[in-house]
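One chain, chain A, links the two complexes that follow: it is found with chain B in the first and with chain C in the second.
So, the complex of A and B:
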């Protein structure tokens, strides 16, 4: 592995999170397609998303989405703003900071029901 | 001896490959005494001259101008002649650059690199009748492409680029830097031709702004900036 700096790691993370988001999209197409087979099948399948393991995977999805979105803005700025390249490293740290900042509250909202706490609406599924 | 007090012992781990003897590359560690003011190239010379004459690497000017001795030092592309041993620690790893076919030990095949370099027409194109004296240029016009005149074609940027590792057909950062040098030269008339070559699928667009090239350049060229300027020249037109 080449010992690159923030630019290389942001590129690698952008690729990995992009693939992760794509993978979720495929799963999501399958789960919404199930409604075509009737409400019972759909409801039975969708319960999986309330299990603890899938909630942890959902957290990975949210982290991926947040990083990919903000790093995408960083890349756009590098491409279209002539001074952008000068701030690429600073922008990388801003992307990481904003990602982590927005990620923390979602951890609470998604994981709380596993521990029996129900923030507004997050225990909507009576199956739990 | 008094002079020996400034010396210290270092371990240099070299990734070696002798195609007539080895099927696969292997690591060999050399121990030697160096001074802080020695450069890595001096240390390699010491190994070659006193320990193992078969160690193979390129060197010419030894002053950071010819661009012969680009190699991967402690994981990053560097010129061996521009690295002081004082800055390198006691254990140093030296490998040939990634993205180039290895010919022998630290020597890589630069032919594909120079073929891609020639692809962007890195020379003045101007069919207008030559003036009686020189082709005049203002200091501002000269400054426009000053950055990219510094390239010594060592290949450190190209060997550090993941897009190059993934696709040997891509022109790579060094070629774009040398295209930039003429695209933004007010005396040159070949910009449209070069921008056309670089808007190809193996042109500038394979740059993913990873910045390894800018960090690796021993001449301090902002390589990614140059590539971005060429991208914008293709998008918006103009030189």
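So, the complex of A and C:
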């Protein structure tokens, strides 16, 4: 391990975000499976995802997914592009920058309905 | 090389850039396959997962992704195929990652095998749940009804 260097942080972040996305994936498979029990059960269950607290948790999920995706590209580039190694640290900062850049508008889109604003055009009044 | 000891975890080198090094030649073929599978499925998942999240969960508010939304989307077989591919790659990419992560903290070979088997069982169970739903869903029928009518009962 290279304590305090970008390699250590990217390894740790890649692992934590990956496990977080996996945990959500398992939840998502269960909630999608509920659709096989009919509209009432499905619609009643997924209302949970519209609540403010779960919206905040979804933001953590989307941030994790963005970081994991872009850092994954960085790892693949270094693995298969011989010169990539030289730019590993620079690419780590690019990964963080792109993650944050795409995350900011996402916060608005996910959280606005809680405050009665529907940037997508329509949204049901979310439960609190 | 710890290839002959049965009680230690498979030797993995963490590179300076924070990824596992490719298993050396002559290493366990399964681990080499796993190393390539992460990268190949990863490239696919960058597109599949990000496009899915953007078009299904951001451009449509979560409060609108109700039963009718899914039914309209699944009227097009393309989205069923898309979701099936996403489900399969994401589930096996993720659970294989969990297998590697667990292996890093488990010293005993027997326990590693036990955990890997449990994760394999979880993979098959969740893959069956997800893929049956994606393939068999029919509007205004329960999954059980769709399966029964498919079987001609």
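In the analysis below, the second predicted complex is superposed on the first by the 119 of 128 C-alpha atoms of A that agree within 3 Å, B and C clash if a C-alpha of one lies under 4 Å from a C-alpha of the other, contacts with A are read in each partner's own complex, and residues count from 1 in each chain.
By our rule, a residue touches a chain if its C-beta (ideal position, glycine included) is under 8 Å from a C-beta of that chain, and two chains touch if they have at least 3 such contacts.
Keep in mind it's a predicted model, so treat the numbers as computed, not measured.
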More chain A residues in contact - chain B or chain C: C
Which of chain B and chain C A:85 touches, first, second, both or neither: both
Touching partner for A:8 - first (chain B), second (chain C), both, neither: both
First, second, both or neither for A:110, with chain B first and chain C second: second
Contacts of A:62 with chain B and chain C, given as first, second, both or neither: second
Touched partner set for A:38, first chain B, second chain C, both or neither: second
Set intersection of chain A contacts, chain C complex versus chain B complex: 1-2, 5-8, 11, 75, 78-80, 85, 88
Touching residues on chain B, where the partner in the complex is chain A: 72, 74-76, 98, 160, 162, 208-212, 214-215, 222, 224-225, 228-229, 231-232
Residues of chain C defined as touching chain A within the complex: 14-19, 22, 39, 42-43, 45-46, 49-50, 53, 57-68, 70, 87, 90-91, 94-95, 97-98, 101, 122, 126, 129-130, 132-134, 136-137, 140, 142-144, 146
Touching residues (chain side chain A, partner chain C) in the complex: 1-2, 5-12, 14-15, 18-19, 21-22, 25-26, 29-30, 32-33, 35-39, 42-43, 46-47, 49-50, 55, 58, 62, 65-66, 69-76, 78-80, 85, 88, 92, 106, 109-110, 113, 118, 120, 122-126
Contact footprint of chain B on chain A as seen in their complex: 1-8, 11, 75, 78-80, 82, 84-85, 88
